[in-house]
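Take a look at the structure set out below.
Labels run A, B and C following the written order; every chain starts at residue 1.
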């Protein structure tokens, strides 16, 4: 039993009732009405938690009418800060099966359009009804910078600096809004209400200079910040050590595209990123920095497992890999008391395997989401 | 970026030290720019500053000594108009006035063009927003400290700026030629579509800025009286314009035709601010007197012309005419490519108008330094200034010359010999990575 | 009597003075002569009669009414040649109405730059003021990005023009000097960015698409050449059915090896494929505006394929390329034994071709070779080596008098002669200077 809260327990028992872990340990009392699964040869881990995902979201209704061209920050362009993932859930999302097949039982799910993408929710990756899936919400606001479509496409902002200036202005407006609310009743600003509710903000930080940029920018927002991406963080370990910002590392390692020109050599920097990105988790662990993993669009069980294995092969200790998939993510979102370890009182999310969960030959026997048992489909290898 | 790693390693291996160490460059033809030329000259650098310039200087103990072999040492070159090292778009042209955006937010210290510019002797760049709108974004001055972070590249003490643009570029979206729009979208025009509208945007924005300034003054007065009013909304667009009015931010205005140059001078007079530099200003020679009276300076191309109609009256004699009529002139690049040989651009003014050698060199050193308000720190080889130096083989004003070594604050950031040395190793490393990359293709399993 | 005498005297004065501007005979004395095909000669003279160099030597004497120019202290060079420009065909690049490049259609070999060369273009005077006496004007811009829908392959015939003359007819030295061909290229993928771009931003074409397009173009090119050969055969055979086709007819000099194809090929692969194409079709080619040499040096040397280099002042193609990649290119081709000449492939900086050649000299090209690549090499590559490119008896009197090395910015071009006629070095630029300097 890999509890993550303490030492691994050989030959231990975990007792689940009403969706929670009632007890865990060696030789605990087993109630007479309990359904028993013999665990000889099995390993139990806390269910994995995806640090940033789109699992469980209903397919977005594509709007046919383009948004009116924005003429400045006052038009609140590309701002969906008020949208709640919790309101957009679809328990029938077929991708949930793939996620579970990789051992994920919970996920921080965020809506995915615009610059201010909306309020995320921590969900269990199964439920009879949408509302049964929600563990906690809102858990944060995701920000993604959107630019490059050209000035004629949708108005302000069309550049990265425009995006940053807009985010900065919105937080200033939030400040002003809060002050104004205290003295008089201002106009209702949907966008600002959404910001006000966010307990923390997720900022994109993939390349080294972007990491610097976001670390520099974060204090201006006066709200807790998480950085996500981090593939070039191997250049910034020392800097990150100074700041202790929670980090979410994308499992979608940069790779050579399937269809590449054999006559054209890629950039050296790009090649280095492809080689070094998987070393980032190991380097972060060694530096004592807390980080979690997120799926970043990988939606096959094997894909996810191989991605984590790549980090382990590149130097991430196994125990740290498990922590990055479980306890660290729970802590980052303030849910350490409910998720992330196999401890009494926590939600009954477990992954049960025959063998080490990251090895290719290992099969995942069961996945428990909120105490409910799932048997994942076995994947076929070529 | 990787070339940086290899060069830094090589420099470290051969004894490159921190700025605290002394550096003596001797046996050079020292082109000070402001104090003449010193044959068989030496320059002593300590703690990043020039501490002595002359002949027969002696090196303090522990100093790194560079024998310049009679080659030419000049101040590091300065470019007053650059768009290098900007990530995610040079323009926020979607709105008529985008003064809320800031180039400082998007500096990309890993742009390889920084290194390529260094290799041509460039040490300082005025990094500007583009010219897609009448009032563009906030601008910064950087030193090309290749290998450092964006924050570390900022030139400490340089006043920040803001970019204006007049003429054809900022009005283009007002009549939206079809080529600009994606297919199927109805034309959405953005004001202004004429030069008259360009003037209007600037005047309107400054009127708004003055109102904003007044609102904040009222607020501060009320607070001073012990009241508790709600502060006005902080508007990032108007803040920098207020700074312009208060003389805390330089205006760098892209312009071409004489009428728009004069227009901006009159608007500035009306609103109560000073234009710092007129950028490009290819017809500035027609209104040299008015420019000099206003107190603006000009940063222009050496010999660009004819690429658009507003550039058709350009003449390479622009620099000479302005210089003779008492306007401070610099030659700039506005180009990742041109910034690599600003010394050669400056040389052209010797042919076009008969500028002297000293006047030509000043165009890309002390003159832009003055324009950016940093001439106390850089722009010439003088005691007390930062050790921003470039060593050339051949006189820098000769088309047969090339830069060999470049120092900023006494650190060596470019050495051609070392660059050449690291090439085979770099090729090897890259090939090794490519092989690895090619072998790393995985096949993902299929679902049953 | 006095009145008659005065009238005759005045008449006499005008008779002597008037033809001087149009005269194409002149004696230039006491200059330091740089023939290019031979060593520098001090204190020597050149006599030009009826536009051609008649004699070179010390202490020449003028004949008849030929005017004398005292060039003491000055240097005499052959006029520079810019082997690739769009001068005369473009006035203001951003104004489409003033641009006559890149005609619609994949194959336009019959189009001629010579006949649309505007002798009144401001660029003529501006370009020659820098010491350039002739240019090649090409009907294509070489831009791949601005390619009209349907693509572009053969844009027409580039002309070698003197930068002096009342009409294009007078200016044309060789109207069909080269056939301009834009060889296909596979555009490389842009660097994989990281910060998420907005959905809807243009996605680059996948390599497979690019490759397919490339192969398709090569096939079309081959098919067109075959068409041209069939036409040639039919024309030779004569016959009642034969109908004249201007397009295919224009290909005949190319097929016969009389007119070289200037193939614009940037990357190593395209250069190799261009050479392979020339081998297969047995045509004479010049590689135009290559951006790298790769391993093509020996191949080009072996086939005696010359190169028209583009501007040295270009950024390296790839992030990882050495910073001086473009500067070094001339020297690399030279060292590989390839014959090179310089062009700028534009209008705006056509006059700076000499400066760019000098930078190439800073990065490995011997100085004498740089000068040759601006004069005799260009002439020989363009098939006019008997008429231009050096100071030798029998050649055109295309000469410049300078106070130093014409490749240096600080040097002033003092006088210029094209085909023996002295031409003004004034231009729009100098006229603005004169006028506005005088503003009080």
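Just so it is clear, a residue touches a chain if its C-beta (ideal position, glycine included) is under 8 Å from a C-beta of that chain, and two chains touch if they have at least 3 such contacts.
All figures in this text were calculated on a predicted structure; none of them were measured in a lab.
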Chain nearest the overall Cα centroid: B
Chain whose mean Cα position lies farthest from chain B: A
Top chain pair, ranked by number of contacting C-beta pairs: A-B
Interchain centroid distance [CA atoms averaged], chain A/chain B, Å: 41
Inter-chain centre distance, chain A versus chain C - centres from mean C-alpha coordinates, in Å: 61
Mean-CA-position distance for chain C and chain B (Å): 34
Chain B, residues touching no fewer than two other chains: 2, 87-88, 426, 430
Interface hub residues of chain C, defined as touching at least two other chains: 195, 319-320
Where chain A touches two or more other chains at once, by residue number: 145, 147-148, 150, 153, 160, 207, 265, 268-269
Residues of chain B touching chain A in the complex: 1-2, 87-95, 98, 100-103, 105-110, 129, 132, 137, 149-151, 173, 176, 180-182, 185, 188, 190, 230-231, 233-237, 426, 429-430, 433-434, 436-438, 440-448
Parts of chain A lying in touch with chain C, wherever the complex brings them together: 144-150, 153-154, 160, 204, 206-207, 210, 229, 231-232, 254, 257, 259-261, 263-265, 267-270
Chain C - residues contacting chain B, complex: 91-95, 122-123, 126, 195, 313-316, 319-320, 322-324, 327, 347-348, 352, 355, 358-359, 361-363, 367, 407-412, 428-430, 432-433, 436-437, 439
Residue numbers on chain C that touch chain A, as the complex places them: 186, 188-189, 191-192, 194-201, 206-208, 210-211, 267-269, 318-320
Residue ranges of chain A touching chain B (in the complex, touch as defined): 66, 69-73, 145, 147-148, 150-153, 155-165, 168-169, 172-173, 175-176, 179-180, 183-184, 207-209, 212-213, 216-217, 255-256, 258, 265-266, 268-269, 271-272, 274-275, 300, 302-303, 306, 377-382
